[in-house]
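Consider the two complexes below, in which subunit A is the common component and subunit B and subunit C are the respective partners.
So, the complex of A and B:
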């Protein structure tokens, strides 16, 4: 039985809006960050792939921002939420604050992110809030391709001796303190579990994520990511790299507020 | 003169609305039409996007509304995720039209992908991702043609 937005308890509604914002900002930021490979990826096939992946992620972000706009109902539409905040107002995980970096960094980060995101989506798919559960069901069908793609690349880089493996290890080490931040606890998340919107708390989701990636990390002899450093600020205090990206992705909006996606 | 209107007439009209990216197939061929409600006062159509971020959705919505205008009553076109669009919603006629225009239709099992030109199964996946969100890139080793496949989702 789905509660309408009005029927949700205030605490649940507030927690749900933060969850939607976190998910939308995650997809939005990784989408824009990875779209920087358009035109300069190491292979033509990857130029096409990263552009298409980025388009998927921005589409997911847009749909999530629309749900959020309806839920919050404060006069802002999806575009206003997506583009009209200062950098400090964004709520993506700190893992996505890292610059795109080299190809190994992009692949390492995508692997960490896509696997964590898939655990989060799985936990929401049978949730009690219909609009989100329906959207998640659709998004998961697309993310399956992202996991296939990034899994093959992780394998390729990790198994190649010399520079590819060295660069991948360096990237994973650089991102290690932030690797688990996608699943850091959100404020009032217990109310979402109680309402049946998500089927477990973040701690449990992080456990599921570790169980999911462990076989690949062990097989490829990669170090498992440690617990997040300072998980309480996983989605605040953004980096200079993000402030630069923010300047890029808000450029069109600043020139023309009516420009459509 | 106003066209007489019932659900069948509306669905027939929707069969004339092409997909903007692959115009050989209509929104009906693609299985995007989930519901058609015709009342004395209005026509309501529920469309399911093939991909969440499909940039053609607004064009399709406008084209559907424009095609149904001649029925002479207010038209409402909703785009929804109430039911997930799956690639097995593409009709048999839609699959045939895709094949005839050089697109391999979706296959639940990757081993079942056939070249749309020569029907060979000696095909190689070049890229899971293609020029639009809904397509992958393949190469046929028999007739040496690159081709695109409508992704299975």
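So, the complex of A and C:
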């Protein structure tokens, strides 16, 4: 009993479009940011692996933008939504505003993001809006590998004494105020819970996320991330690092609007 | 791709205790096929070797199964005295026993024609 886009209540539809935008922008920004490792990752094999992970995220973003374009139906296609906004118009979590930094920063951020994203996807998998639930099911199958990969690296950096562990701790401290922003509340999200599109509010999802990462953080003796400092602006007020990245990922689009990805 | 890796990329000998070593990757292309050697990856341990094998030999859905084996665990035999002995070995090959004429005669006796070549 899936509601078609037209049958959704206006408030639900609006909340759903913000959720899709948040998820798509999250995947899009981390995908582009991590793709910067292509050619310079610590090992040749890891170069291929990280580039491929980044590509996966862009694929997820593309599918989510398409769904959003159908839902909003305002004449913009996925490309227009993805590329034709000014930096202030993007709606990704502030965790992804941090530059990729060093390898420890990239791994720390991926771990925080991938675990939070997996909790979000899990909460949507049995949702009542068919098109999203179906897409989420496919995305989750790819994200399984992402979690294994980033978990293996977090483990190695945290357990290696000296520089690797020191750099990882510094990165986690740098990102701490924004670590929990992926699951900050979205406007009107209660209507999504009411409609059965997502199975819990952001507060509850954040609790699930903390329960998920706590065993690894305790075992590796890493500090648990604090609550987001300003959850109300978790997806606005972007950083200079993001404005730079935006200039990079919109460069081709500005040169040639017909270029396909 | 540049000709040489970036200067801060570790060589196989470097990197504090986490020495990279080669792992051989075997892949099954589709159900029912044998496992065939695909190539190798460099990795510091089995877990990452499996992840990298998946990226190199499975990310385009070209495999349904992978095996990853530490190269140093492979027992190697590459000895010409054992594998390519110098004396005449033709008596160990079945080439001297020609079946074709015997088969033709047998078919003639039974009145059956030559079976068609199997397709595939």
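Everything below uses one rule, namely that the second predicted complex is superposed on the first by the 261 of 261 C-alpha atoms of A that agree within 3 Å, B and C clash if a C-alpha of one lies under 4 Å from a C-alpha of the other, contacts with A are read in each partner's own complex, and residues count from 1 in each chain.
Just so we're on the same page, a contact is a pair of C-beta atoms (placed from the backbone, for glycine too) under 8 Å apart; a residue touches a chain by one contact, two chains touch by 3 or more.
These numbers come from a predicted model, not from an experiment.
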Superposed partners subunit B and subunit C on subunit A - clash or fit
clash
Just to be sure I read the superposition right, which of the two partners does A:160 touch: subunit B = first, subunit C = second, or both, or neither?
second
Quick one: is A:52 in contact with subunit B, with subunit C, with both, or with neither? Answer first, second, both or neither.
both
Quick check on the superposed pair: does A:42 touch subunit B, subunit C, both, or neither? Answer first, second, both or neither.
second
Touching partner for A:233 - first (subunit B), second (subunit C), both, neither:
neither
Partner contacting more residues of subunit A (subunit B vs subunit C)
B
With both complexes superposed on chain A, which partner does A:149 reach: first (subunit B), second (subunit C), both or neither?
both
Could you list which residues of subunit A make contact with subunit B in one structure and with subunit C in the other?
45, 48-49, 52, 145, 148-149
Under the touch definition given earlier, write down the residues of subunit C that touch subunit A in their complex.
1-2, 5-6, 8-10, 16, 18, 20, 41-44, 47-48, 51-52, 54-56, 59
Along subunit A, where are the residues that touch subunit B in the complex?
45, 48-49, 51-53, 55-60, 62-63, 131, 134-135, 137-139, 141-142, 144-145, 148-149, 260-261
Any idea which subunit A residues touch subunit C in the complex?
39-46, 48-49, 52, 145, 148-149, 152, 156, 160, 162
Using the touch definition from the top, list the residues of subunit B that touch subunit A in their complex.
51-55, 58, 80-86, 126-133, 137, 151, 153
